[in-house]
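Two complexes come next, and they have one chain in common, chain A, joined by chain B in the first and chain C in the second.
Let's turn to the complex of A and B:
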C-alpha cells in the first residue's frame, strides 16, 4: 500500500521523477487561481452582483473575521498569508472525494513546506510589527534561563503543525484503503464523509494556529506599551 | 525471509499495536473531558457558545494530535520500517 503520494511516480525523464504530490499541488493551485481569476475579472459594485462574487465575498469576509477574533489588530495585514494557507489546505482536502485524486497534504513534504512557511512568517511579521530588538527580546522573557525552551518550543510547534496535518489526512487515506479491502461499498463512503469534515477542520486548525503563533509573536507586551496612556488593545 | 527480518516484522507489528492502543488512552480521556467542560460552559452561558465552540475545536484538534503522532509512528513501523531494509541488506551482502 502506498501511504504517501510521493511514491506514486507519474512521469520520469532521465532520473527526474514527477510524483503525484507535485502534480496535484500544481493542480490545486491552478484550480484556485483560475476560479479566483474568473470571479474577480467580473467584479461589480452595483446592485446586480453575481452569485460567484457573493460566494467569494463571504469566504474572504469570514476569514478576515476569524483572524480578527484570534486577536490581530489589523486583520487585512495577515489576510493574504492565512487565507492562502486555509484555501489551499481546504481545497486539497475537499478534493479527496474526486476519484483518482490523492490530496497533496497527505504527503509529509507538503505539510513540512507549509509549516516552514509559518516558521519564517512568524519572525517576519513580528519584526515588522515590533522591531528586531522587541522580537529577540521576547525570547529572553521572563528570564534568560527560558531562552533554550523558547527556541525548542519554536521548532517543536512547527514539527507538530506539519505532523498533525499529515497524520490526519494520511490516516483518512489509509483507513479508506483498509476498509475498501475489508468491507467495500458502504463503509468507505461513510469514512469519506467523515474525512471531508476532518479535512475542513484541519484546514481551519492549521490557519488558526498559524495566526495564533503570528499574533502572539507580533503582539506588543503590556510592559513595553506602559508608556502609551490609552492603549486598550494590549490587555491579557 | 530470514530469521532477523522475521523477528523485526513480528516486533514491529506488536509494537505498532501497543503504540496505538496505549497512545489513544490519554487523548480519549482528555477529549471527553474537554467536550464535557465545553458542554457545561455552553449550558451555563449560551451567548458565548460561538467562542466556546471555536476554542473547543482548536483544543480538540491539538489533543487529538497526540493520538495522531502515535498513529504515524505505528504506520511507519508497519509500512515504512527502516530496519527491515537494513536486515535484508545484511542478509544479502
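Let's turn to the complex of A and C:
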C-alpha cells in the first residue's frame, strides 16, 4: 500500500517523474479556478445576486472576518495568501471522498511546501509592515539570550505545521484503506464522514495558525514599545 | 516519511500560481463587486436620506402654507362677518328711515284728509246752517235772511269808528271809483237799496255801489272801496263751530290711535 501519493508515478520523462501529488494538485487548482471564474465572470453589483455569487461572497467574507478576528489590521492584505491556503487544503481534503482521488495534502512534500511558504511569508509580511529592523528586533526581545530560542521556535512551529496536516490527512486515508479491507460496507462510510470533518478542521487550523504567526510578527503593538514578549504560543 | 524535494519545489510553485490565479479570478472580482455594491447602497441610502429631508422640508413648507391659508380664511371670514353686520345695520337704518318717512307721509296724509274733511264739513255745515237759519228766518221771523243781513251790515257800517270811516271815505275820494258790495247770495232789491243808502250816508253820497256775488262768503256782506275792506259775515260763527267739531274729531282720533 502506498502511504504517500508521491510514490504513485504517473508519467516519467528523462528522469523527471510526474507523480500523483502534483497531478491531483493541478486538478484541485483547476477546479478552484474554474469554479471561481465561472461565477465571477457574471458578477452582479446590483441588489439581485445569484446564489453561487452569494456562496462565494460568504466564503470570502468569512475568511476575511476570521483574519480580522485574529487581529490583523488590514484583512484584505492577507486575504489572497491565507484564503488560498484554506481553500486549497479544504478542497483537497473534501475531494478525498471521490473514489480514486488521493488528497495532495496527504503527501508530506505538499505540507512541507505549504509550511515553507508560511515560513517565508511571515518575515515578508512582517518586514513590509514594520521594516527589517523592527522584525529582526523581535528576535532579541526581551533579551539577546532569547535569540536561539526564538529561532528554534520559528523553525519548529513550521515543522509542526507541516507534520500536523500531513499526519491527519494521511492517517485518515490510511485508516479508510485499512477499514475497507477489513469491513468493506459500513465503517468506511463513517470514517469518510469523519474524514470530511477533520479535513475541514485541519484546513481551518492550518490557515488560522499561519495567520496568527503572520499577525504576531507583523503587528506594531504598544506591547512592543513596553518591551514585553509578543510571541503567541501555539499547540497541536 | 519521504520528502521528495522536487515535488516540494513543484508544490511551492503550484501554490504560488494558485494564489495568483485565485487573486485574479476570485478575491479581486468578489471584493471589488462587494465594495461597489456597498458604495452603491451607501449612495442610495444617502439619496434616500436626502429625499427624506427634502420631503420633510416640503411637508413643513406645506404645513406653514396651510396655516397661513387658515389664518387668511379666518381673517376673510371675520371681514365678511363684519361687512355683513355693517350692511345689515345700514339696511336696518334704511328701512327704519323708510318706515319713518312712510309713517310721516301717512300721518301727513291723515292730517290732509283730516283737514279736507274739516273743510268739507265746514262747508257743508255752513251751508246747512245758513239753510236752516234762512228757513227759520223765513218761516218764523217773517223776514228774509238777506234783509236781516243787509240790516245787520248797515248797522255795522253805522257803528264803524271815526278812523275807519275816514279811511273808507278817503279811499272813495282817491279812487273816485265805486264801492263793491259782495254777498254770499244774491241780495233782494230792498236789501240792496238799504245797503246803498247806508254806504251813501256813511262813506260818500255820490259813490256808485256795485253788487256782486261770492259764494265763499255764504252768509255775510263784504264792502270793498279801493284797498279798504269792511266785512261782516257768519264766518266767525262758522269758525267757532268748525273748531268745536275739529276738537271732537281730534279727540276721537287720539283715542283711536291709543286703542290701536
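Keep this in mind: the second predicted complex is superposed on the first by the 221 of 236 C-alpha atoms of A that agree within 3 Å, B and C clash if a C-alpha of one lies under 4 Å from a C-alpha of the other, contacts with A are read in each partner's own complex, and residues count from 1 in each chain.
Keep this in mind: a residue touches a chain if its C-beta (ideal position, glycine included) is under 8 Å from a C-beta of that chain, and two chains touch if they have at least 3 such contacts.
Owing to the predicted nature of the structure, the values given are computational and were not obtained by experimental measurement.
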Room on chain A for both chain B and chain C (clash or fit): fit
First (chain B), second (chain C), both or neither touched by A:109: second
Touched partner set for A:10, first chain B, second chain C, both or neither: neither
Chain A: partner with more touched residues, chain B or chain C: C
Contacts of A:193 with chain B and chain C, given as first, second, both or neither: neither
Partner chain in contact with A:33 - chain B first, chain C second, else both or neither: second
Vertex chain A; arms to chain B and chain C (CA centroids, nearest 10 degrees): 130
Which of chain B and chain C A:164 touches, first, second, both or neither: first
Touched partner set for A:69, first chain B, second chain C, both or neither: first
Chain B versus chain C as contact partner of A:180, first or second or both or neither: neither
Nearest Cα pair across chain B and chain C, whole Å: 6
List of chain A residues in touch with chain B within their complex: 1, 3, 69, 160, 163-164, 166-168, 170-171, 174, 201-202, 204-205, 208-209
Chain B to chain A touching residues, read off their complex: 51, 54, 57-58, 61-62, 65, 68-69, 71-72, 75, 79-80
Residue numbers on chain C that touch chain A, as the complex places them: 1-12, 14-19, 21-23, 25-27, 29-31, 33-34, 36-37, 40
Residues of chain A touching chain C in the complex: 4, 6-7, 16-17, 19, 21-22, 25-26, 29, 32-33, 36-37, 40, 43-47, 53, 56-57, 60-61, 76, 79-81, 83-84, 87-88, 104, 107-110, 112-114, 116-117
